[in-house]
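Here's the structure we're looking at; comments come further down.
Note that the chains are named A, B, C and D in the order they appear, and that numbering of residues resets to 1 at the start of each chain.
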Amino acid sequence: MSPDSRHLLEVDQLSTTFATPHGLLPAVSEVSFTLQEDETIGIVGESGSGKTVLARTIMGLQPMTNIQVEGSVLINGFQVVGASDPEKRKHWGTDVAMVFQDPMTSLNPVMRIGKQIDETLRVRLGMSRQSAKARAIELLTLVGIPSSTERYDAFPGELSGGMRQRVVIATALACSPKLLLADEPTTGLDVTIQAQILNLLGELQQRLHMSVVLITHDLGVVATRTSRLIVMYAGRVVEIGETRDIFAHHRMPYTRALLDSSPRISNPSHTRLLAIPGRPPNLLNLPNGCSFAPRCSFATDQCHNERPPLTPSSEPGHSFACWNPLPISTRSEMS
Amino acid sequence: MIKYVARRVALLIGISFVISIGSFYLIHLLPGDPAVFILGTNDSPANRAILFKQLGLDRSIVTQYLIWIGHVLHGNLGISFISHNSVVSTIKAALPIDLEMIFLSQIVAFASAVPLAMRSARKPDGWLDRVLGAGSFTLLSVPPFIIIVLLVLFVSIKLGVANTGPASFVPLSQNFLVNLESLVLPSFTLSVGSFVVYYRVLRSDLIATLQEEFITMARSKGISARRIMWRHAFRPSSVALLGTAGVNIGGLLASGFVVQYLLAIPGLGYTLISAIDTSDYLLVQGIVLVVSVGVVFINFVFDFIINIVDPRISRE
Amino acid sequence: MTSHVPLLSVRDLTVVFGSGSHAVSAVAGISFDIFPGETLGLVGESGCGKSTTGKALMKIVAPTSGSIELDGIDVTRQKGRALRNARSRMQMIFQDPISSLNPRRRIKDIVAEPLDCWKSVVGVERDDLVADLLNKVGIDPAIYGNRYARQFSGGQCQRISIARSLAMRPKLLICDEMVSALDVSVQAQILNLLQDLKEEYGLTLLFIAHDLAVVKNVSDRVAVMYLGKICEIGPADNLYHSPAHPYTKALLGAALEADPDSPVHGEVLQGEPPSPLDPPSGCRFRTRCPYATELCANEEPQPREIAPGHQVACHFPLVP
Amino acid sequence: MTDLLAVEPLEAKTPLGPLFWACVAWLSLNVLAAILANLLPLQDPLFQNYSALNAGPSLHHLLGTDDLGRDIFSRIVFGSRISILVGIGAMFIGFGIGAPLGMLTAYRRGKFDHIVTTMMYVLLAFPAIIAVIAVLSFWTPRSILKIIIVIGAASIPLVYRVVRAASLSVATRDFVTAAKVQGASSLRILLREILPNITPIMVSFLLIGIASVVTLEGALAFLGLSVNPPTPSWGNMINESRTVLAQNPWLVLFPSLALCLFLLSLNFIGDRLRTYFDVSEVKL
C-alpha cells in the first residue's frame, strides 16, 4: 500500500435499506472501505450478509422504488449515490462493470452471444457494425472461447456454464472498465471450471490493469486471490484487513467460526467441525447490540445491548467489530 | 429446427384429418335419415338421387367418408339443396369479410396493448398500471355480444352515427370508406377482447422478464431503458403473447359470428347462423370444416413464429 | 469397524436415458461395495452420473442393466410391494431441503409418513416415536411439531428430512448433495448431526457430493466418478494424499483451500468434459488427460488394485 | 440448540379484502335466488301483461317489462337458472374427467402420458366454440342437457392441460420422490402429496371456467342456439331485446348488467384466490 497510489473506489458509510411490507430491512449498514488501482479485495459472507446488495449498491443498479441509499460511493471520482440513471449509464461499462453469479440467467437467452457483446461496443463506443463484430470476436478469444468466430452466432443455451461465464466476462470487459465487481462468479460451476475462471480473472486483471472486488461465500476462493478481505455479517463489516492477517490473526469470533466450520481437504477424515449454533439473524428484526451475539460463545451483556464499532487491531489496516475480541496471536486450529 | 417444423407439419395434417372426420360425421348426428334433413323441402326423387350420388349415402360409412373427402380435396364441398349455390362459392364470398374484421381488430389491439403493457410494466403499481389493471379486468367480464349491443344502442341509435347500425354493411369492393365505417363497431368490439388479453399477458411477462438477471446485466452495460425494453425484454416476453394471439383467433371468429348476426354483415358467422336457421346442413358442414382447419393452420403459423422468436423452444 | 460382507454390492450398473441416437449412458457400468457401518463418499463434477447412481440404487430411475444386492438380496428386478419393502431398508436425503418437504403438511405428519405407509407403529407409540425422532435432530416437537414445512429454513428442513428418513430404521442412507444448498455454518451443524446419528443408529452411508472437502470430512472410503465411470476408489486419507488417477489429481489440484499459504494452482485441467452423448473411445478422460497415449484411445482401462482397497482405472496410474 | 431454532412467521398474507367478500355475497345471492326462484314472491316470468308493454322500471315491475309485457326482474332471476346450471354442469363434466386424467398422467409420465397428452393437444387445437356450435346445430332437438354435455366435453382438454401442468410442477419435486422412497403407494401420493398442492389452482380455475362457460352459453343463446324461447335465459333476453333496442333500452341493459356482474364476481374471486394462494409459479 504505497501512499501515493490513488483510490479508485471509495465507499463511505454506505447503507442500503429496503422498505418491505413487513418493515424496514437494513440489507447493508454503514459500510466503508477503499480500493486502490490494480488491487483485488474480497468480500465474504453467508447468505443474507448483504454482500450482493452491497455490490449492486456500489454499481448503482438498485431500482429506484422502495429503497433508501445513504452514504457515498466514489468510483474514479464519480458519485454513484444519488446519480440519475442517464448519468450512471455514462460510467457503467467504462468505469465499472459487473460479472454476475449465475451465467445461466445473466445472458439474454434469445440473443446471440456476439450481439450481446457488440451491442455494448456500438451503443457505448459508437463503433461500426463491422469493427464491433471484429472486436467482439477478439474479446471472445481473449476470454478463452475456442473457435470464437463460430461461437459469435451461438445462443447462450448452446454453451456450457463455464463458457457462458466467459461470455459474461467478455461482455463486462467490452469497454475496458477500471473496476470489475465479480459477484460469486464461480458459484455453481464445477471445481475444475471454477479454477479456470478464477485464473482467467486473475490474468485479465493483470493484463488490463483493473481493480477487482471479488464477492463470495467461499473462503477458499478469496484466500489466495485477494490482497485484502472484508468479512460481512448481517449487513455490516465485522472485520477488514489484509487477507493474510484475517486468516492468521482474526479477532472477530464470527471470522473464527466461519473458518472453523468449513471442512478442509487437509484435515484427516471424520474431523469434527466446530459448528456455529443457530443461523444468521432475520434482518427485519435485528438485535440491539452485536448481530452475532446470539450465536457467539463469548457474548456478554454489553454485546447484547451495544453495537461494537470497528476497532483497529495491531496490524495496519486491520479492524474488527467486537467487544470481546480474540487475543492477538491466536491462530485457529486450521494450521 | 427442420425436425421441429416437420413434426409440426405432421401434427397439422393429423389434426386436419381428425377435423375432417368430425365435420363429416356431423350429418350423422341428425336424428333419422340425413337425406330428409339435407334436402329439406326440396325432397324429390330426382334430388334424392343426386344427393345419394354426391354423398354415397347408401354405402358403408367408411366409403361415404372416402367419397366425401375425395370431393373436399378437389375443392368441392357440395351444392346446397336449399339455396342451390355451391357451398365453396358461398364461403368464398363470405370469408374476406371475416378476414378484414379480424385484421382491423388485431391492428388496433396490438397497437394499443404493446405500448400500454410496456408503460405499465415499467412502473408496476403506478397509477397507469392500476387504472389499466382494473379497467382490463372489468372488460374481461363483458362478453362481446353485450359490447356490440351497447355500442349499437349508444353510437348508432342514441348518437345517430351513420353507417354503423344493423344492415348498413357495404362490401369493400363497392365503397372503401363506407365499408370501413360499417366495420368500425364490429372491429372495435373484437379488438376490445383481444386488447384485454394481450395487455394482461404481455404486462405480466414483461414484469417477470424485467426482474431477470440478464436485464440487470444489460443495464450494467450502460444501455438506455428504451433499448432494454425493446431489444432485451420484449422478445423473450412475447412468447406467451404470440401463443395467446394464436389461440385467440378462434375466439375472434366466434365473437365475429355474434357481431355479424346482430348487424347482418354477411360474413361466415351470419352465413352460418342463417344456414342453421334454414337447415342448410351441407353449408353448415362446409363452414365448420373450413373455419376449423383455418384456425388450426393459424395456430400452426403462430407456433412457427414463436419458434423464431425464442430459439429455446425447438431446442427443448 | 467394518465387516467383510458388504451391505450393498453393486455390479456393472448402467443407466441409459433415451434411446437411439439420443441414448445417454449416465452411468456406464460401475461396480462397488459398501460395508456395514462405513461411509462411502462419491465425488465428481456435474453430469458425471453420481446422483443418477444414487437414484438408481433407490430405483427412482430404473437401472438398465447390472445388479444391486442389499444384504445379499438382489433388488434390481423387484417390483410392487417387494420393492417398497426394500426401499424401507434404504433411505435417501435430497439436495434441495425446501422441495423435499410437502409445504402443505405439518412436520410431525411428514416425519410420520413412512410409519403411516407401513402401519408398523400406530397410536400413541407412533406419536412418541415421531417426537423422539424430532428431538434427535434438534427440533422440539412440542413447539414445532404442528408447524407447516414451509415455515422452516433450509437447515431445519434438512433436519426434518433426516428425521423422516430414520423413521423406518433403515440400514443404508443415501445422501445426495444434502449440504450443498446450505451456508457453511449451517452445513457444519448438519454434518455433525449426521455423524452423531450414524453412530447412534448404526447407519451405513453413501455420501454423494461435489465438494471434495465435505466428502473427505465424512467418508471412510471415496469413489471418484467421471462421465459415468468410477475412475478411482480407495480409503479417503490414502486417495486424497496420493491420488493415482490423473483426474483425481486434477480435481484435488483445482480445489480451493481456505488458507492463504496453499499453493495457487498454476496448471489447471483444460477444456470441459465431453458430451455424454458421444463419449471418447477407450479411457473417457483421455481427451483432457496430460498423460494420454494411443493405448488410452484404443483400450478402456479396467480397475486394478494398486494398494490394499485402492483401485484405479488407468493405464498409467500416478505413483506417489 | 433448540432454543435458537427461530421459526419464521408465516408470510403475512394480504387479506382477501372487502371487494372479495362483496363478490362472494353477490354470487351467493344469485345462486340462492336461482334455486329458490319458485318460492320467491316473483311474478310469473311468462305472464304477459298487455297493459304494460315496454314499460320502464316501476313499483309494480321493478325493472320494467319487455315488449310482451313480461316482468324483466322475474325473467332475470329465472334466466340465471340456465346460466348457473350450464356453468356448473359443464365444469362438473370437464373436471370430472379432465382433472383425474391430468393428475394421473403428470404423475405416471411415460408412454401413457405421451399418448393422452398428444390426443388432448389435438382436441385443443380444434376451436372449441365452433365445435360446440356445429354439434349443437346438428344434434337436434336442443335441450339443456345436450348443451351441458357438449360444452362439458369441449372443456375437458382445457381442464386436463391446466391440471396436468399444475400436477407436473408438484410431481417433479423431491417430496414426491421422497414419499415414493418411503414406500407410499401411488394412490396415497396422488391424494396426499399432489392433490393438496394443486387444489388452490383447481378452485381458481374452476371459477374462471364457470365464467367462461356462462359467457359461451350466453353467446349461444344470443345466436338462438341455446334453450328455446319463451324459457328465459340471460343470453336470449339480450337477443330478444335487439329488435326493440331503440324503444326500450332497459330490456338490454338489465340482463347485460346481471350477466356482467355475475361474471365479474366469478373472475374476481378466482383471480384473488390465485394470488392469495400464490400459485403464480404454475402458468395457466
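Following the convention adopted for this analysis, a contact is a pair of C-beta atoms (placed from the backbone, for glycine too) under 8 Å apart; a residue touches a chain by one contact, two chains touch by 3 or more.
Predicted model only: the values in this text are computed from it and were never measured.
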Neighbouring chains common to chain B and chain C, by label: A, D
When A-B and A-C are ranked by contacting C-beta pairs, first comes A-C
Go ahead and note the Å separation of the Cα centroids belonging to chain A and chain B. 53
Chain A to chain C: how many Å between their CA centres? 32
Counting in whole Å, what is the centre-to-centre distance of chain B and chain D, each centre being its mean C-alpha position? 23
Considering chain C alone, which of its residues make contact with at least two other chains? 153
What parts of chain A, by residue number, touch at least two of the other chains? 277, 279
Numbers and ranges of chain B residues touching at least 2 other chains: none
With touch defined as at the start, can you tell me which chain C residues reach chain A in the complex? 45-46, 153, 155, 183-189, 191-192, 195, 210-214, 216-220, 236-237, 240, 250-262, 264-265, 268-270, 272
Could you list, by residue number, the parts of chain C that touch chain D in their complex? 58, 60, 84-85, 87-88, 91-92, 94-96, 99-105, 113-114, 117-118, 138-140, 143-144, 147-148, 150-153, 156, 161, 164, 167-168
Would you mind writing out the residues of chain A in touch with chain C in their complex? 46-47, 160, 162-163, 190-196, 199, 217-221, 223-225, 243-244, 247-248, 257-277, 279-280, 334-335
What part of chain A is in contact with chain B in the complex they form? 56, 59, 61, 85-86, 88-94, 97-98, 100-102, 105-111, 119-120, 123-124, 155, 157-158, 168, 171-172, 174-175
Which residues, counting only chain D, touch chain B once they are in their complex? 121-122, 125-131, 133-135, 137-140, 211, 215, 218-219, 222-225, 235, 238, 241-242, 245-246, 249, 252, 256, 259-260, 263-264, 266-268, 271, 283
